[in-house]
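What follows are several structures.
Two complexes come next, and they have one chain in common, chain A, joined by chain B in the first and chain C in the second.
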Partner chain A sequence: MITEITEKEYETLDPATPKMIEFYSKTCGPCKMLSFVLKDISKQKPDFPIYIIDFDENRELKERLGVKGFPTMLFFKDGQEVSRLEGLKQKPAIINAIEALY
Partner chain B sequence: MNYKIQYTSQDHLITQQAQAEKTFLAEFAKKNPSFAEPMVVPNPYLINPLCALVLFKTEDKVAPTLTVHGKRYERENITHTFPAATEHYLPVLGLYEDFDNKVTISLPDGKTTSLTITTDKLPEDICRCINIQASLDYLGDNIMFLTPAGKNLPTAYDYKGDIRWLLTENTMFDIKRMKNGNIVTGSSRFCHMPYNATGMIEINLLGKIYKEYRMPGNYHHDHFEMEDGNLLACTQDFSRDTVEDMLVLIDRNTGAILKTWDYRDILPMDVAGSGSQDAHDWFHNNAVWYDKKTNSISLSGRHQDAVINIDYDTGKLNWIVGDPEGWPEDMQKKYFFKPVGDLSKFDWQYEQHACVICPNGDVMCFDNGQYRAKKKENYIKNNKNFSRGVRYRIDTDKMEIEQVWQYGKERGQEFFSPYICNVEYYDEGHYMIHSGGIGRENGQASDQLGAFLDMDNPNHELRSITVEEKDGVVLYQLETEGNFYRAEKLSLYHDGANIELGAGQLLGELEITEEFGTVPDAEEVFELPSSFHQIKIEEDEDRFVFFGRFEKGTLVMLLLENEDESHNYFVNTSRSNYLAMCSGAYLEEDDRDVKMHISKRGLKGIFNLKVIINDKKYQSGVTLCC
Partner chain C sequence: MGNIYDIIIVGSGPAGMTAAIYAIRANMKVLLLDRLAPGGQMINTNEVENYTGTGKLSGAELAIKMFEHTQELGVEFDYKTVVNISNGGDLKTVTCEEEGTVYQAKAVILATGTVPRRLGVPGEEEWAANGISWCAICDGAQYRDKEVVVIGGGNSAVEESIYLAGICTKLTIVTMLDLTADPKACDQLRKMPNVTIYPYQEVLEFTGTDRLTGVRFKSTKEDATERYVTCDGVFEYIGFSASSQAFADLGILDRTGCIQTDARMCTSVPGIFGAGDITVKHLRQIITACSDGAVAANSAASYVESLK
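And then the complex of A and B:
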């Protein structure tokens, strides 16, 4: 399931749930491509929560999480960042990072 | 609508040259030219306008001597005697541009034939000599070869600064004469940004390519000929997220990769970064040198301010020359040297190039000095900085280092090159120092690399200065327009075969270009993309290159489709910030212009090329045969 959120909504997420947060920009070709990859992954793993956040509109959060560019995918478990992928990645690399959360 | 996608298909230069050679050899066989009336083929291999080939037959086996006459006086003549034969193919090298060149051929019996070979003016935008301090006594038969660091061309200058050799192909990076007399340098065929070409080429000075050594990770920066003729070459693995961190040994005859060294197995990647380091280009290997005495390889890593030395057989790290600040303590103790001697004159090297191991084991390099510190707060601005050639004496038992020579610090910013450059060791006290990456804004060293300077601005200038010093005395200085990656002093003729006939070989292989597993939803439309995109396809024997103009953030994918299969390639249209740009040959003026190379390796069949641009899948009208 893919949901777009703001930094305010990010604070309300259940820290215990494994999840992915993706920072994207509307002006980024690789981010557009990644959105199709994530759609595919969401079909394959419909219960895994994927949250997407606009890099340009949520600057405080991206700075707090040390996100330097887009797209950046952060993988969380028990409220802690377990891994991150920077740049456009193919489906298998992202699936691996998701599966490592369980 | 008249708009069409521009498509060109061109044979590899090796094929074009083989065809050209076949044509002039057929004419030679037909005409049977005599010594008195030889056949002259100007620019026989298509890429060197300052050369010709003279062909004739003699009844007896004789050794002809060819003289290319100097413009001014006899002392300037270039003379070479060729092996005895009855069929003669004599390369005429070092012609002056835009000139009626006098060439004489003489036989041992005293017969001579004189020819006039007229050349055209070279293109307007070539880099000219601005100043030269040199003498014939010092240079002898040698001229200075410079390899380009941008869209300029490989060019060689004589003692007067006249251009005597030039290739119209942008061959790049290192240039070295091999033991057989041939030259090995980088190929000009684009593969990956920012400056990766398909591989290396082995050529003669007429410009004939004998071999292209293709490499899956491409070639960048430097190579080194081993005693058995095989080649060490700097490369990388494009399937990884880091670059310029691998070395390969290439079989000279087959192009096969015989051995690989991966620096990720040797060094930590996230320590001691220079001012130009990022996670992607963490080491930036710009030079390789093999030392037989110690059976070790020295590697220059610009982005760790380090020259490292590894064992040839095991790949184990032996030592590191560089500022130890920022390296883990255990590595500092084990691999780094302690400066000794006159410390008031000692400086570490920063963002260096072109490491050389001298016969006595000393380490030389070109110390570019970019940033000249490990911590950001200590960085030195370019206009307060210096570049130099430097020689260090190292004691690997005591782990001590002493600076025993330098040239350049005293020249300050005027000699400062933040990138590229090299040094050469000729003999004790006799060195070349090539500062080829000088960029100035309003007379001050620019903060930008030369490749990024806007040369339409009259206050910007690019310069290359090559100095030779013997026993502390400067005996040679060449200053040219433009930036040049390396300098190499060579004679035009050598004792080996100056020409060998027969078709060149395309060896090794390119990578299998990574496909993208996900295809975006896009509506297929039966029309061409807008002319705004200026799409162009250049097909070659072993790959094709896609060119197009896209606003940043456009989603672009190339698809090769036929009835049975589809191959999909993502085209990145994002803005790229390059921290290193050792050759700007492939940089586009408009940053919306993108290009992507796709290797034909692994593809078989006839494919229609289609292009997804955002939510539409367009036709191109181009069919590719793989």
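And then the complex of A and C:
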């Protein structure tokens, strides 16, 4: 499931749940094409939570998480960042990062 | 053995997507594959201004329109990395990296395009993706109010420099020749107050300790003056290399790794076609890639019909 959130909503997420946070920008081509890949992954893994956050409108959070560019995917488990992928990545690489959370 | 298709198209940039549209409209059973996502190099282009009929729009917007067009027509698409294509005569075998997935097709259109070329100088490997980037619209934001060097003087270098100069305090262009891009874009860049251009230069090295700090280069003119420019980031746009490793065994590549085709986009192997930037051609543009895709699909469909 893909849900768009803000930095305020990010604070309310259950830390225990494995999840992906993707920072994107409305002006970024690779981000737009990554959204197709993420939709495809979400069909394959409908129960895995994918949260997308606008890089330009949530600057405090991206600074805190050390996100420098977009798209950037952060993978969390037990409230800790386990791995991150920067740029448009191949679908199997993203699936591998998700499966490593379980 | 997996499904048998009439035509498998490898690569979903403008050439591959157009080929898919023409092939499915010719009643072919079509599979379109891409290792990454639809769009190819187009998605890294900030603005496209020369694609007939669309006016000014981003490369990603054009890619989305093309991809949605393929999906409206029912083209089957999958995310797969093709690692080998073997010619079994009337039936070609397409092998993918993912769990040994194998497809068969009567015809294959190769439209895998190109990847950015690298300089191969000291420091490049060390700072790749951590100071040196090949995509201004992906990584440009982190250099807001900072100093950046762009390597190259062709269309991509100039277009992305215009974008970067709008967000950076200082932009230096280091290029092997002079600016060779579209004259209108070159004029626009030359007028930007924070831009310095060093033509006829050879890059010697990228320097830094815990982060990239600068670029050393020297003039290729007689004086061979050496210069050092400090910067926070570098963007390289020095051309492209063909993504053709998976087809090396077919004997259809020229010495640069591009696919040699005739005017009908046929290669020397019956049933294997090429289209787009990966082919040997003079002008690599979205619109010429689309043209190649249409011709390749038409030729491939004729070939498939001839097997009946």
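Everything below uses one rule, namely that the second predicted complex is superposed on the first by the 102 of 102 C-alpha atoms of A that agree within 3 Å, B and C clash if a C-alpha of one lies under 4 Å from a C-alpha of the other, contacts with A are read in each partner's own complex, and residues count from 1 in each chain.
The criterion applied here is as follows: a contact is a pair of C-beta atoms (placed from the backbone, for glycine too) under 8 Å apart; a residue touches a chain by one contact, two chains touch by 3 or more.
On a predicted model such as this, the values are computed, not experimentally measured, just so you know.
Peer 1: Once chain A of both complexes is superposed, is A:Lys91 in touch with chain B (first), chain C (second), both, or neither?
Peer 2: Both chain B and chain C are touched by A:Lys91.
Peer 1: A:Lys26 contacts which: chain B (first), chain C (second), both, neither?
Peer 2: first
Peer 1: Touching A:Phe36, do we find chain B (first), chain C (second), both, or neither?
Peer 2: Touch partners of A:Phe36: chain B and chain C.
Peer 1: Once chain A of both complexes is superposed, is A:Phe55 in touch with chain B (first), chain C (second), both, or neither?
Peer 2: second
Peer 1: Check the contacts made with chain A and report whether chain B or chain C touches more of its residues.
Peer 2: Per-residue touch count on chain A favours C.
Peer 1: Let me test your reading of the model: by the given contact rule, A:Pro15 touches which partner, first (chain B), second (chain C), both or neither?
Peer 2: In the superposed model, A:Pro15 contacts neither chain B nor chain C.
Peer 1: Across the two complexes, what residues of chain A are contacted by chain B and by chain C?
Peer 2: 25, 27-33, 36-37, 40, 87-88, 90-92
Peer 1: Okay, in this complex, where on chain C does chain A touch?
Peer 2: Contact set of chain C toward chain A: 35-39, 42-46, 58-61, 63-64, 67, 79, 81, 97-98, 129, 133, 135, 137-139, 141-142.
Peer 1: Can you check the complex and tell me which residues of chain B touch chain A?
Peer 2: 241, 516-521, 550, 552-557, 570-574, 614
Peer 1: Which residues, counting only chain A, touch chain C once they are in their complex?
Peer 2: So the residues of chain A in touch with chain C come to 25, 27-34, 36-37, 40, 55-56, 68-71, 86-92.
Peer 1: Along chain A, where are the residues that touch chain B in the complex?
Peer 2: Checking each residue of chain A against chain B gives 25-33, 36-37, 40, 87-88, 90-92.
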